[in-house]
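Structures follow.
Here subunit A shows up in two complexes: once beside subunit B, once beside subunit C.
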Partner chain A sequence: MSNKWLIALFVLPALLLTAILIFIPLALSGYYGLMDWDGIGAMKFIGLENYMNALQDGKFWDSAWHSFLLAIFSTLSLLLYLVIALILSSKIKGADLLRKIYLIPMLLSSVAIAQLWIKIYNPTNGMLNQILMAIGVEHPPAWLADTALVLYAIFVPILWQYAGFYILIYYAALKNIPESIIEAARIDGASPVQIALKIKLPLIMSVVKVTIVLAVVGSLKYFDLIYVMTGGGPNGASEVMASYMYKLAFSSNNFGYGSAIGFVLLIITLVVTFIVRKLTATKEEIQY
Partner chain B sequence: MRKKKAITLLFTLVATIFVIVGCSGTDSENVSSNSGDTKTIKFMHLWPEGSSKTHHTIVNEIIANFEKENEGVKVELEVLSNEQYKDKLKVLSTSNELPDVGMTWAAGFLTPYVEGNKFAPLDDLLENELNDSFVAGTAEAYAIDGKTYGLPLELNIATIFYNKAIFAEYGLEAPKTYDEFKHIITTLNDNGVAPIALGNKDRWTGSLWYMYLADRIGGTDVLTSAINRSGTFEDPALVSAAEEVQNLVDMNAFVKGFNGLADEEAKSMFMSEQAAMYLIGSWDLPNFTTNEEVPQEFRDSIGFFNFPTVDGKGDLNSHVGGPGVGLFVSEDSDVKEEAKKFVSYFVKEWGEKSVTQAGVIPATKLDADSLELPQMYVDVLNELSNATNITLFADVQMSPQVAEVHLNMIQAIFGKEVAPDEFAKEHENALAAE
Partner chain C sequence: MKRIGSFFLYLSLAIVAVFQIFPIIWLFLFSLKDNREIFSGSPFALPSQFRWENYTKVWEGGIGVYFWNSVWITGLAILLTVLFASMATFAITRMKWKLSKLVLGLFMVGLMIPIHSSIIPLFNMFLNINLIDSPWSIVITYTAYNLPITIMILLGFYYTLPREIEEAAIIDGCSVPQMFFRIILPMTIPVMSTTVIINMIYNWNEFVFVNTFISSDKYKTLTVGIQNFIGQYMTDWGAIGATLIISVLPILIAFIFFSNKVVEGMSSSAVKG
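So, the complex of A and B:
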């Protein structure tokens, strides 16, 4: 009995915080989405008009497509991180140092990363184009100004930013695998590749699933580097859902519509998370 | 085990304390700000020490003087940079927590705040102690329905700054006509010098070019009347101005990748002599005159010219520009009287100090002869007094929603993603939907 009270007591602060900081604002933004509101003056109730508009808003769906592209790319990049983690965990020389190096981008603030990559991408003085010109490319592209390239140009630092995080997670999971299992496999004559694919990978599958969900959700609501590096431009070519929402609410003074977009973003993220979890669900955990 | 429990308990305790402190924070603040005899004016401005040092210093001086002259009044500062400032102002106004005094922009930016009853009218100041102290047309830009809600601090016009040393090297001179201007662009390009620095990631920078072309091709009111709906945006002049923008892009008039560059980056290209021309407001004058951090040699090599006439049309003395930021007083302020007094004090002091110390051209009337100013200031002040027209920046004139369309379209027209007639049509639709 007293135990239950204690649990409730311990859970309460966190519950209160999440309720105040997350659930109440969520409900509120869904509610603001029903309003015609410039964020400053009086609100006017207009029913579902904002939500209907959002569904027909070509720019919103463009930005949604960009967000999905980012989700696809970050999920695919997990493969690379996994390979790196597998190599790092197989006791190669300098693994410790390398792991720390991979983690550095994560320690930098997004704005610092954005500034760094803005300089790298500078069309005339940037490092990237200087190198390209040095190796004989006569007209290297203007990365952040080219509507066909800008999105992918921003994906690179975004993926780079989170590489260390995922590598660290995989590395920790791999380190948790008991040495005896791997030794047994080795005695049975399994090659390193076989050990990686047939023993290690299945054992950390639950972690991999979590990272997939993290990557997908993180991408769908991604905002910071895009905001600092291009502001969604040129002409919306690098707009993602969150930056579009921000623009509507803060630059166009259309808080009602911005809130509606934010709520749609939430629903999309929830649905996608649900689908991803369904797709990656297995009946039972593998144990050896 | 016991240790674990202790840690958990400690965590819970700390978390609870945070919650309690967090919740009670605002109350205690309010109590302290109005208790006793001291009154606190909360003042928010957008000149951080790092990027606008001289502005920042002057503000601090004015506040110190004001506090000295007014016993019992304290000014509490909050400083943010431009974009963050705009966002914070909006959030604060949503939650009814605007500072007592802050900065606002004219016309389109101001309108929602006035309609939402957030700003106090300042006409009593204009009629009394500040009577006749503003340059004609500047305070008026902050008026809505006959009441003035902001007092401007700056007045700027945009002109094309150019590097005289580069021009001299290729035998070029400041142009008067568009043909001469185009000749300069081709000559510079032939010699491998980027003609014009433009940071169109910020979008209003490209808007300046478009506005000037529209002004020269279609006359001084064509854009303004399209925006205030007495005309249409599908006016042939506005379409051909958009065409002209694309012609310039085709001529490689602008630095490479301009649509992805911020204004700051473009500026640094101009200041490191990687580009020969740069269209910007006179707020950048200090960089070309008094700023000690810029090499003297560079400052001496900079001149400016008015946007040239296009095909014999247009008036060289018509400018794009207008007042920059102005001060507002919050309608819900608890210390409105003190706040108004502060605003009026600030405007007066600012007018005297800003031009000599920070190189800002204030919106208050200035006795240019009594001040010792660099030649370029005198020239710009002359341009201002000779100006036949000053068209307020388009994105300031427009409501925020239309401005957003305009700014996106500017990037699109410069990036050649829309045709000039679509460009005009999108504007027309947005304006008509208002």
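So, the complex of A and C:
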């Protein structure tokens, strides 16, 4: 089969939608970034001024720093997920049910998660402070109103939301390891911990690599949860790149500058993906 | 020794399970209480009386409209995404043409795009063609942005379809479109159902596009609707709880019936990365 018209008929609906609604806007974003534009009036070409302004914009750097911190936290939390997956894969009864229970928060919308955690963190009536007061903490903090704590407070629901997803991925990869390899190690006298670290872990390294990219790139995109929980506040203490860009465009009508930051976000995402892949590249993929 | 070890393993897994599930149970409990009971009682207590009226109150207060908008927009976008993605995957895997690798590459790049890099131009585009504050802007945006992940999930299955079936169909005088709709599509139902449920989760939970493109209450979907709604009921925790439970219930019910499909779809979204 190689009828041109037929191929076009089958490919074009998807290809046109992707081109028009994903790729053309990405290119336009870089173009709008060169403009002074309020979203309604005429555009005025100002060259790289928006990009230069970003370099000197303290708020932009703060938001970039917060995104970076979230990326570090997310990457570190992968270790925890990995440990849980390793335990789950060691002939645990009910492992299948457990990993499904873990996955439940991942099914909820970020808006619902944000609203739920706003309630959990409520200074007087939230679940967290009620528990803390019950065990004798006299003045538990107002988590989301405290500039020093807010970013950590936001990270907990992120940890909660994604735990099931990463555990699932690691668990699936671990289940793919042939039982015979593990059996052979056991006969040779390897302890369960040795088997986990020296045999299972190296065999799923390529999957670990993928999850690092997912975690880092995912944190650069965090928006919904933060936008709903704190709106980037208090006083910019939880502002991330995506929320800063969104505010510039849709609250301050600074579409030119917002586009420039959106485009920088795209470039950073692509570069980070590339760097993380290079850094974590294994010399040769392990075959078994 | 071995027993104690495995006791601690089970214990740690159980603690994680409680951490994952308890906030949702707490939410359900307070959705059936009134403020007096929430603020004075233990967070773990069952409601003294189950106040289902919290649910009827918010449903009639506007959540019903958002709910049905979410249903039809989610449903229509799923239909379009899965159809177009199946057609494209069919052409990429089963037909011979020069640019197929390039086109596949384009779809895969689409997987990692941050939507914040495209949302301003999209907004402007819809503004120019009068689709701002129209649900159609949402339907086509959902369709487009879910194509890459859908194609990725379909791909593996299409590669394993035996060619003999197609050849037999052509010999029997089937045209290619006939063969695709009558033979190929029905054969891919298992993987299509995986993509349907993954699309359902994404569309139902999506927030930014609706928040940006839609301003009329009558077109808002649940995620954005509950945002406004909760503003109104700022201090009525029972009503807020009921609203949130209504918004997450359809997905949770779908998960109870199709958990294996969800697991399959989510794990294949990371296979290639």
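Assume the second predicted complex is superposed on the first by the 269 of 288 C-alpha atoms of A that agree within 3 Å, B and C clash if a C-alpha of one lies under 4 Å from a C-alpha of the other, contacts with A are read in each partner's own complex, and residues count from 1 in each chain.
The definition used in the following text is that a residue touches a chain if its C-beta (ideal position, glycine included) is under 8 Å from a C-beta of that chain, and two chains touch if they have at least 3 such contacts.
The structure presented is a predicted model; accordingly, all values stated were derived computationally and were not measured.
Colleague: Sharing subunit A, do subunit B and subunit C clash or fit in the superposition?
Modeller: Here the two partners, once superposed via subunit A, clash with each other.
Colleague: Looking at the overlay, does A:42 come into contact with subunit B only (first), subunit C only (second), both, or neither?
Modeller: Only subunit B is touched by A:42; subunit C is not.
Colleague: Touching A:230, do we find subunit B (first), subunit C (second), both, or neither?
Modeller: first
Colleague: For the overlaid complexes, name the partner, subunit B or subunit C, with more touching residues on subunit A.
Modeller: Touching more of subunit A: C.
Colleague: Where does A:169 make contact in the superposed view: on subunit B (first), on subunit C (second), on both, or on neither?
Modeller: second
Colleague: Scan A:147 for contacts with subunit B and subunit C and give back first, second, both or neither.
Modeller: After superposing on A, A:147 lies in contact with subunit B but is clear of subunit C.
Colleague: For A:202, select first, second, both or neither according to whether it touches subunit B, subunit C, the two together, or no partner.
Modeller: After superposing on A, A:202 lies clear of both subunit B and subunit C.
Colleague: Where does A:250 make contact in the superposed view: on subunit B (first), on subunit C (second), on both, or on neither?
Modeller: both
Colleague: Considering only touches as defined above, state whether A:17 meets subunit B (first), subunit C (second), both or neither.
Modeller: Both: A:17 reaches subunit B and subunit C.
Colleague: Touching A:121, do we find subunit B (first), subunit C (second), both, or neither?
Modeller: After superposing on A, A:121 lies in contact with subunit B but is clear of subunit C.
Colleague: Going by the clash criterion at the top, which of the stretches 60-68, 78-86 or 186-194 from subunit B hits subunit C after superposition?
Modeller: Among 60-68, 78-86 or 186-194, only one stretch of subunit B overlaps subunit C, namely 78-86.
Colleague: Do subunit B and subunit C land on any of the same subunit A residues, and which?
Modeller: Residues 9-10, 13-14, 17, 39, 124-125, 250, 255, which sit in both footprints.
Colleague: Per the contact definition, I'd like the list of subunit C residues that touch subunit A in the complex.
Modeller: Residues 9-10, 12-13, 16-17, 19-21, 23-24, 26-27, 30, 38-39, 42-43, 84-85, 87-88, 90-92, 94-97, 103, 106-107, 110, 112-125, 140-141, 143-145, 147-148, 151, 170, 176-177, 180, 201, 204-208, 212, 222-224, 226-227, 230, 237, 240-241, 244, 247-248, 251-252, 255, 259, 262-263, 266-267, 270-273 of subunit C touch subunit A in their complex.
Colleague: Mind pulling up the subunit B residues that touch subunit A in the complex?
Modeller: Checking each residue of subunit B against subunit A gives 8, 12, 15-16, 19, 86-87, 90, 93-94, 112-113, 115-118, 194, 200-201, 203, 255-262, 265, 269, 274, 399-401, 403-404, 408-409, 411-412, 415, 417.
Colleague: Spell out the residues on subunit A that touch subunit C in their complex, using ranges where they run on.
Modeller: Within the complex, subunit A contacts subunit C at residues 1-4, 6-7, 9-11, 13-15, 17-26, 28-29, 32, 39, 84, 87-88, 90, 92, 98-112, 115-117, 119-120, 124-125, 127, 130-131, 134, 160, 163-165, 168-169, 172, 207, 209-211, 213-214, 217, 220-221, 223-224, 228, 241-242, 245-246, 249-250, 255, 258-259, 262-263, 265-266, 269-270, 273.
Colleague: Could you pull out which subunit A residues touch subunit B in their complex?
Modeller: By the definition above, subunit A touches subunit B via 9-10, 13-14, 16-17, 38-42, 118, 121-125, 142-147, 150, 230-231, 233-236, 247, 250-255.
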